[in-house]
Amino acid sequence: MIYDPIDIALLLGKIALVFFVILTLAAYLVFAERKVLAWIQDRKGPNRVGPFGLLQPLADLIKLLTKEDFRPIGADKWLFYLAPAMAAIPAIMIFAIVPFGAPLTLFGHTVQLQVSDLNVGLLLFMALSSVAVYGVALGGWASNSKYALLGSIRGLAQLISYELSMGLSLVPVVMLARSFRLSDIVNAQAGCWFIVYQPLAFMIFLISIAAECKRIPFDLPEAEGELVAGFHTEYSGMRFGLFFVGEYINIIVLGGLATTFFLGGWHGPFLPPAVWFSAKVLAFAFLFIWVRGTLPRLRYDQLMHFGWKILTPLALVNILVTGWWLVLRG
Amino acid sequence: MPKLIIDDITVEVAEGTTVLEAAQAVDIPIPHFCWHPALGKAGACRACAVKMLEGPVKGIQMSCMLPVQDGMVVSTTDPEAVAMRRHIIEWLMINHPHDCPVCDEGGECQLQDFTIAAGHGIRRYSGKKRTHVNQDLGPFIQHEMNRCIQCYRCVRYYQEYAGGTDFGVMGSAGRVYFGRFQDGELESPFSGNLVDICPTGVFTDKTARFRARYWDYEMAPSVCSGCSLGCNTTPVARYRELLKITARKNEAVNGWFICDRGRFSNSAVNDPQRPRTPLVDGRESTRDEALEALALRIAETEQLYGTGSIAIVGSSRLALEAALLLPQLAQLTSAGALCYFTSEEERATTTSHLGLLSGGTSASQQEIRESDCIVVSGCDPLQDAPMLALAVRQAWRDGATVYVVGDGIVLPCEFTAVAAVDAVPLAAAKKPVLICSASCNSDHPAGLLVQHSQLKLAVIFPAANSYGAAQLAGEQGGVSLERAVASGKIKGIISVEADIPAHLLAGIPFVAALDWRMTETVRAAQIFLPTTAWVEMDGTSINNEGRAQRFKKVMNPGLPIRGLDPAGHPPHLHRTVPPGGEAQPAWQTLALLIERVSGEPVTEPFSGRWERLRGLDAGSEGVMIHDL
Amino acid sequence: MKILSDIAALVTGMWITWKHIFRRPVTIQYPEEKRTPYPRYRARIVLTRDPDGGERCVACQLCSGACPVDCITMQSAEDKDGRRYAEWFRINFSRCIFCGFCAEACPTLAIQMTPDFEICKRDIMDLVYEKEDLLIDGCGKSPDYNYYRHAGIGVTQPRGSGAEEKPPVDVRGLLP
Amino acid sequence: MIPIELKAELQGRIAAAVTNREAAVDVMKALQAHYGWLTDEAVVEAAGLLGLSPLQVEELATFYEMIYRRPVGRQVIHVCDSISCWAMGGETLLSHIAALLGVGVGETTADGLFTLLPCCCLGNCGEAPTLMIGDTIFGGVSLEGAAELLDQQRNR
């Protein structure tokens, strides 16, 4: 390892950039979601704070920061405080492995537009997304509230179930790219996006990540109709904000990963690679909002049935078919 | 015992029961207006129609008129019976005014209930309604003839049950009129029951006119404190104001009714002059300050004049709870006298009459009603215990002979005047009852009881809890205040709801009073603590037969909202204790005083043989203290 | 195939929401733009008078009995002319949920609801309306109705001269 | 006040009855004959004689049709309006007599001679339509016959 100061500076710069972009994006994704949902429902959406309501996320932030930090009697203090961080941090850490543009040459250095190009990047993603489960589990358990506990139990079962199908849906991608390194996967799609070879895997992955970020129609851990707010019922102020922003970071990160795995990453004609990448990620984000504005919540047994009896077997079959196809093609 | 089936429920009832009563026994309500448990049947209103499906009679029948017979199968829900009742109610409602919003009966009206129950919601009759002119029936009862449905309950009660002659039914056919010959106050001392017995709003309580609605009432089972009979009542209060008193059924005591004196005697509770704040030397203070001062003065008095210089004085209107704590207080303060009576004569006569009563010799009102020979000796029941007179009338209606010893006595029934009790053929009677008064010692019935083993005694005592006071005075060695003061030792008096005559207070340097009325004693007292009236507390009193009865708290103590400026009403103004709401039951104040003197908290007034009264149910017939 | 129709259903749903994104919002920007409510709109409660100018309210307590949030309190009393009226009458609008049960229960059409929905006060105590604040000089809806003309007990007119009433029976009269 | 003789006669009549109440109608009738109609004063007097309360007498007085608690003319004409008489033209008879007398039903003529009242059955159904003037019953009264009857009564 060479610790070139410029390398380190660039690395820190990339981290800062990613942090800034992701958090801003997440905040505005909230705004975008509220706007799009309003449009779907023939409303106007937030339009009071700043021009077109554009300063709404800022106002929300101020509101969340100044709210009373409340902890229920009987809550497990440290776990209660830890849980929101456990929800937000792994989500943002995953982005470290996402390549968001073609390598650049800067000051004579070739700069990967990726914080860290690990050779086991995909496995790191799987690992970190598993860690994110703890945010839900601990949040619900530490709250000492029946709604929160029920939400977190649901969340645990759901996340673990769908992680399986998510992981299995990525196996064909690795088989095609012959690498766990995300930059390799992107480069393998320079010609043709994997979505063309693997439409089924893409669908499974899409559904699984929707379940992973607990979005409608898979928002059973929150389920305000039944559980008030599920695992984060008892949270207020910025702790609630962390759960909240974690969810939107998750959308961006998983959108980024879907782009990377199936939509050719930053590849695309005419426009700069980073723009392509952003456009694809935002398209995913929009898709999530759109789905939320359309579909109702699943029933819990339907959710588990779908995950275990349909998605997982389908993903397994897909792996077999891909394997055969690769063998047949030589 | 005939067995019949009513709406698929098998009922077994006593011979002579009507189908209506049999249905009520299994909680099947059948509408009725003219039928009343105390008056029996009349068959006038036709509202209680049922269909007899099987058995000795068939078809539509009036359930109130039909005695049960074996094998009857009754349907109250048969379409034919339902239609019949619906039509009857519709007819009854043809001339009924649309004035429920301004009718005091609204909300507690049988006609309203049964009209709705019958499903008659909209008037179809478009013709004109018959109207009547009302009469002024005096200050207590409001007359509104337009509301009448001609069930005849009022006149049957008034003339037959209560023996009144100045109220009745006039005219015939479609223009019958229930009223008096001319405007004027109803003469019967039991006229107030017309309010309870009218199934709609022809007679309403004028004293509570336009004050509140049934659903807003604060009500609780209570016991009348008007005389020693302890008739059961349901006082009605709203906004800390006692609105009216209604009769409560207790078969053993008053039956279904109460007298007018008990019904229309709520003014003392609402009296604006009622003392409501603790006073120390005329200065308003808190309860704690007053208790502290009281304990201090007791100690001072004893220091100054020696032990035994304090007299603890209860009274015969004091509830049993407080009366039971008095001996404890007397012991703790080493009081020179424990008094339940102020006058020596009252103590002596009450105690001596008490000695005659035991479980076997004491006659309840029910036993009077069932008696076949009644002697009223030297007392005036209409004056001192009106419900006894009504009970005597019921016995007379059933064929009992009534004898009266003494002049100038009026009873609502026929009676034979005799010179002395000896002239009455008591030996021939199966269930003879002697009614006498404890305040009259001239012909003491002790000898008679020995002569006639089956003779029962109904003694009229001077006040609501005279029995309890006399009982405790006997057990605890109570003396009369008169005698105690005469001894010259008494220098301090603690009066607990006692009415002490001014001459007994004259030479006493220290007087403390607990009371809820503005009495002379309260005015003379240096330390005053307010107590609650009987409707503002749970309590127990023992009536003239030795029956302990529980009365429940109806309302919170405090100044009635009626007199307060609306700007001071909640939610404009909030306080934890309502204005003038510092009063507490006398026994609780006594308990606090005992705790202050002895250091031991008192949580329960009933102990020892009285313990069984702890859970006494106010809805029950009461407990005879001879059984304790 | 059920799965195909399911997918078609999903797509249809997505298509409908997609179309709605481009629709004109129906929202009205309230404080700037105002919508006139219908005359029967259920907002601020008033007490009306009968055509003769008398208070319609007879303080029968049906409204307070019907009120699910107990926001109405009153004290009834008797006037010199025998009219039953409210000595004081109070509606706590900070509790009122504008369900309209009171207006529906009112047998004299005294309580009525008006379209004035803008009841907003800085001090919650200002939302406690007393009778003076509630009573209006008019009949509101049903301008011709006078309860006492139909009540059948007189009060505003001699007994037996109200609507649908016969003159009082003379029990001593000669006619049967 | 009633004459002493009448009072004594009534007291005798009451004494002869098993219960006072039994004589009530007779007493009221006698007082009615004396006063022309049963005045409030007469009710109180009857009550005094019978040992009942005025209300108890009033109950009976208002129950019976032929005890008049309001002033009536010298002769009271009761025209039957019950079913038989009605079928035979009793209604027409009543309105005819009303027209002849120039008064409404229930009213007394200006000269104080007649009071016209409907009544339900005089027990003379066999000779419908029927009417009663004073204490005399007339059966099968035609419209002309009615005019004649009235003239007879007027001239008496």
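Remarks
Chains: A, B, C and D, in written order; residue numbering restarts at 1 for each.
Throughout what follows, a contact is a pair of C-beta atoms (placed from the backbone, for glycine too) under 8 Å apart; a residue touches a chain by one contact, two chains touch by 3 or more.
Here the structure is a predicted model, which means the values were calculated and not measured.
Taking subunit C out of the picture, touching joins the other chains into A | B, D. Inter-chain spacing, taken between the CA centroids of subunit A and subunit B, is 78 Å.
With centres defined as mean CA coordinates, subunit D is found 107 Å away from subunit A. As a whole-number value, the distance joining the C-alpha centres of subunit B and subunit C reads 42 Å. As a whole-number value, the distance joining the C-alpha centres of subunit B and subunit D reads 50 Å.
In subunit C, 171-172, 176 are the positions where the chain touches two or more neighbouring chains simultaneously. Residue numbers of subunit D whose C-beta contacts span two or more other chains: 62. Shared interface positions of subunit B, defined as residues touching 2 or more other chains, are 170-172, 177.
Contacts between chains, counted with the stated touch criterion, involve the pairs A-C, B-C, B-D, C-D.
Those residues of subunit A that touch subunit C in the complex are listed here as 36, 38-44, 290-291, 293-295. Against subunit D, the residues of subunit B that register as touching in their complex are 165-172, 177, 180-182. The residues of subunit D lying in touch with subunit C in their complex are 61-62, 65, 68-70, 72, 105-106, 115, 117-120. By the touch criterion given at the top, residues 58-62, 64-65, 73, 75-78, 84, 88, 90, 92, 107-108, 125, 128, 130, 147, 150-153, 155, 159-160, 164-169, 171-172, 176 of subunit C touch subunit B in their complex.
Here subunit C touches subunit D in the complex through residues 170-176, going by the rule given at the top.
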